[in-house]
């Protein structure tokens, strides 16, 4: 939608820079009478929070979220619920350390949005990446926590499935493992491998890319819309809007290009509860509308551009120079993209739930 | 945006089913005084038109577009130009042959949108895929032709870069070859190979997927917007909204997951005309905003789901059955996706050109 | 919304000029399985059609509407119903007489949009007012006919309540009279008066303004939304967007400025079917949300600007000149605004019905 | 737009309840490099702030606004300017006194949104009107202050022109008087009259309606858009969305219904700086597009519904009861609507300035 608003009916508008006084968001269009407390949101935020292992930036922020509006003690039950009016959320920035960034004020960091923001606006908030900082994704996670609350019966889970060239073994996929390692990795053995692998990258001051997979189970058949309101089109935009993402796939994704029609099309049979599919190459979406199978999205995250090796660049005055980015950075920014991807999936589904209900009822 | 509208300021709304009386679209927000004739649009439509080789569906449609509104002879020059009011376009359907489809009226074709449309709406236009038919993409191409006219100095070109497992040799990329073979393939040798390869698939009644790359050159630095209005997020939605597309990449895309920070970030130097980059892993977009380098998008197209082998499926009554799809089909629907992908790129860029001009001027 | 699109979920996009080949619209977001035929729409169009009495323009147009998409014979009942996909509508212009307008090609008619379109776009379609012609309102009426179909149990009716300084006697209001006179006037005696009154104006080549009232009965309590999505705000925009409208009121409207708090606030009691109000100063809307009482809107229509007296004006070259507008015109354009106002009310209510269902269900 | 968002390109999203911890808004789409400080915004807020005379509610709030994002010291000048990213604004609620409202928790106040919010959402924030409180308008004024900054050369001023049945004498209109009396009244004599008049109403615990006029000077010809994006349609929605507004007029408004075509259409001549008009019945807008004359909007504000006389009503359980609203209220809520109306005018103009620049450039 607009620059800083996402969604049509479940609408999320975020604001705030990495090193300003606060970041925040407004969630508009939420149905009324949904139980919601700050703790509900905090739980998801804590999963994204940096500084929880040596594999994410050591920036220390409690990321304590406040609900500023849109909730009330229910007149009968007393439980705090949504009122149907916009939910304002705020997280104060407490660990700003603006000094860390003063040396990059006039230089454009390669791979970052420094040059492009400056080219567009004639200036940029250079403090910690300003608006382009991954810090903004905290508000996505907060909004996603609300989205989950209006999607009862739907489970949205994400996992890291590739780091650098190393893919997980899908035969070893175990959702329970995801919370047991610092990588959100569902393959226990590969998680053990990643520990050493990423330590090496971290110690060398380098970084590496990753691939994340997000799966939504329990989505009924029929959500989505024709042509430009396709569920997969909205998921593609949602995931591509996450910092550092360079590719998005639904179901088989790019591998579908190598398949024949016989291999690709998922056959149907009747099951106990209606239509079932014999495979899920489609990733749960056909013609932009959900099939009732799990909705499967993958996205590629490029390596963190902040590295300790000097890189050639230019400055705001047009001079050629070099830069190396000191400070606290994620050696694999893809790790923390897992809860962010889940949040975006939840927001897209919540939006389509409302859009479907609008047109078709039920 | 809405179900059948694409874009924010350069807005395209399409309507029409494969076998109804006509398909059409409304292009709203076009700047005034842009020279525009039906011939300008027809030129692009003819590139997408089926029946031009044995490798696309033999449906024969002249696809003759009429401009119904929004143009006028310029009071001084006499040339037909846009007036700033909405441009209505119409293509009558002339080769409908509804009888071809009567046997699939009650069966859901695997890989198609039959089941999902029915699940959503309780019925579907079964004639030739109805609204989910690739025929709708003709209007995308028509809109894209208008979009190109408001992007002077920008070249948008697409090419087929993979068919099944067979990738082109990028060292042999020659844009001039694209118009010389029926595959929009920039690698002359691979085009020759595809001829035999696809003939085999066609004759066996099967189909195959493909990957398309679209490149926009001449896009100035600064187009796009932060966070949810990112140029790459809009491109991802645009490409994913094309029929049969299952994946979208910007620049290095999924390959970026395998790169280190040193490899991935494009270094900058000063050139004769400002900042230049020493590589383009980013595909011309950083932080959602164009860098001034070519904007590079790839998307994967699944194989045509209409094949001659019988497939297991169910019908509207819940009975198990089989189906095979006779009739006129593309053995590789990815081929005709090339001009469609170009059109979507042009529409996204036109929209962002206007959005940029709104906020920043110039 | 956008320039030529109205509504959020029930979305109407119109195109076409007075003297181009056709006018049309796309209605997107309509629920599926709503019975709909061209005759349903034609019925409403015929009420707006000019040339039905000597009091409206003598332009003769059958205004025959075609449905180009979005409908299908229901698979079980055979009745033509909506499919949930966009409904394309087209009316060909048959009585164009472009020559009538050639003398105003370069002159700006006072009170018309000639000067402002030219100031904005650098040119204008001078043929019959082009895009700013009241002819566009035919598509509003067509869309309104569809909107009515998804509002079962809701009655939307309009009436002319004032012409020039002459107001109807509200004690004589009889809805049955509205269809019995050429003014849509609910006061039989005043209608008889208007006949002579308007004849005098017509014969003198002059014109006169009017006030229209539109009432929707059966709207349940709860439609609308807080703050910027208010039902009355959308109604105000809808009515003000009709050609020649200069004022909009809800309920008591401007008269409310003269009331005390005791007089204005509608008291509540319990009735057989829930809350009832003892008066309806609010016009059925409080806080932007419907109360369950009739929704009452009035709007003022200025006199037709095309008159036979010469008026001072300027031309495109900056020369001072005079103009008098020959041709076929409505002496009171407010008359034909009655079905247009009804249509806009129906469209706004249909949109809010879907928006309400999205957020709250039911 | 959406429930709590206003504008298309200059977009304002507000949140917050009267008695929650804070109210706030996000202003998105603002051009970069616009000088902006909290003081700029505070100046306008202070004009709307209650408790400044005995004629407005005695609620005491400093209404101190904080800018949370979207501004930066300009790298060259050091002046604080916008960055082009969303501007987050926050005002903490300090004078909440929730106890005042506990007796109305279960009763619906006539004339208020109590019943309709409850009918829609199944509950309502009863504390001080919650979301429907006039307190929300503080954020409109804040956003309007930003809008003014991007409209150089345009003056937006408002005035109270009627209170109850008492209209000002337009011959005595003096803009300088507006800031000299507590009514924003441009007629010095009438202001003196209002002092006694409103004192009487205040002391009796009653309230009275008003009419406000807002005038924008310096708007160039050409802003606005055809059909549904009309400048007057957006102004009508903007003004009607203000709490307690029941009617909106442009130019002559409802009086235009009484005019003949000769009287109404504004004739044109050539002036030193292009086209001039000999009158301004149109209120500066023709065909939805500005003429270059002053844009003139009037709106009617109903009397405050909170009065000291007991009124019949019902409660949440369906019981019949009475209510009288104690506490601190405005005897004429129209007074404080003056700066709010100015703000809405400024926001609409800022939005249309950007929309015009998008389509037409310049």
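Order of writing sets the labels: A, B, C and D. Residues in every chain begin at 1.
Rule of thumb we're sticking to: a residue touches a chain if its C-beta (ideal position, glycine included) is under 8 Å from a C-beta of that chain, and two chains touch if they have at least 3 such contacts.
Owing to the predicted nature of the structure, the values given are computational and were not obtained by experimental measurement.
Engineer: Going by C-alpha centroids, which chain is farthest from chain D? Tell me that one.
Structural biologist: B
Engineer: Considering B-C alongside C-D, which chain pair is linked by more C-beta pairs in contact?
Structural biologist: C-D
Engineer: Centre to centre, by mean C-alpha position, how many angstrom separate chain A and chain C?
Structural biologist: 45
Engineer: How far is the middle of chain C from the middle of chain D, if each middle is the mean of its Cα atoms, in Å?
Structural biologist: 27
Engineer: Measure off the straight-line distance from the CA centroid of chain B to the CA centroid of chain C, and report it in whole Å.
Structural biologist: From the centre of chain B to the centre of chain C is 38 Å.
Engineer: Quick check: what residues of chain D touch more than one other chain, meaning two or more?
Structural biologist: In chain D, the residues touching two or more other chains are 2-5, 9, 14, 29, 32, 84-85, 120-121, 131, 226, 360.
Engineer: So in the complex, the part of chain D that touches chain C is made up of which residues?
Structural biologist: 1-6, 8, 14, 108-113, 115-117, 119-121, 131-132, 136, 162-165, 201, 206-211, 221-230, 232-241, 243, 246-270, 274-275, 278, 281-283, 285-292, 300-307, 309, 311-314, 318-320, 334, 356, 360
Engineer: Within the complex, which stretch of chain D touches chain A?
Structural biologist: 2-5, 9, 11, 13-17, 20-24, 26, 28-29, 32-33, 66, 68-70, 72, 74-75, 81, 83-88, 90, 105-106, 120-125, 130-131, 316
Engineer: Considering the complex alone, what residue numbers of chain B touch chain D?
Structural biologist: Against chain D, the touching part of chain B is residues 9, 29-32, 84-85, 226, 354-355, 357-361.
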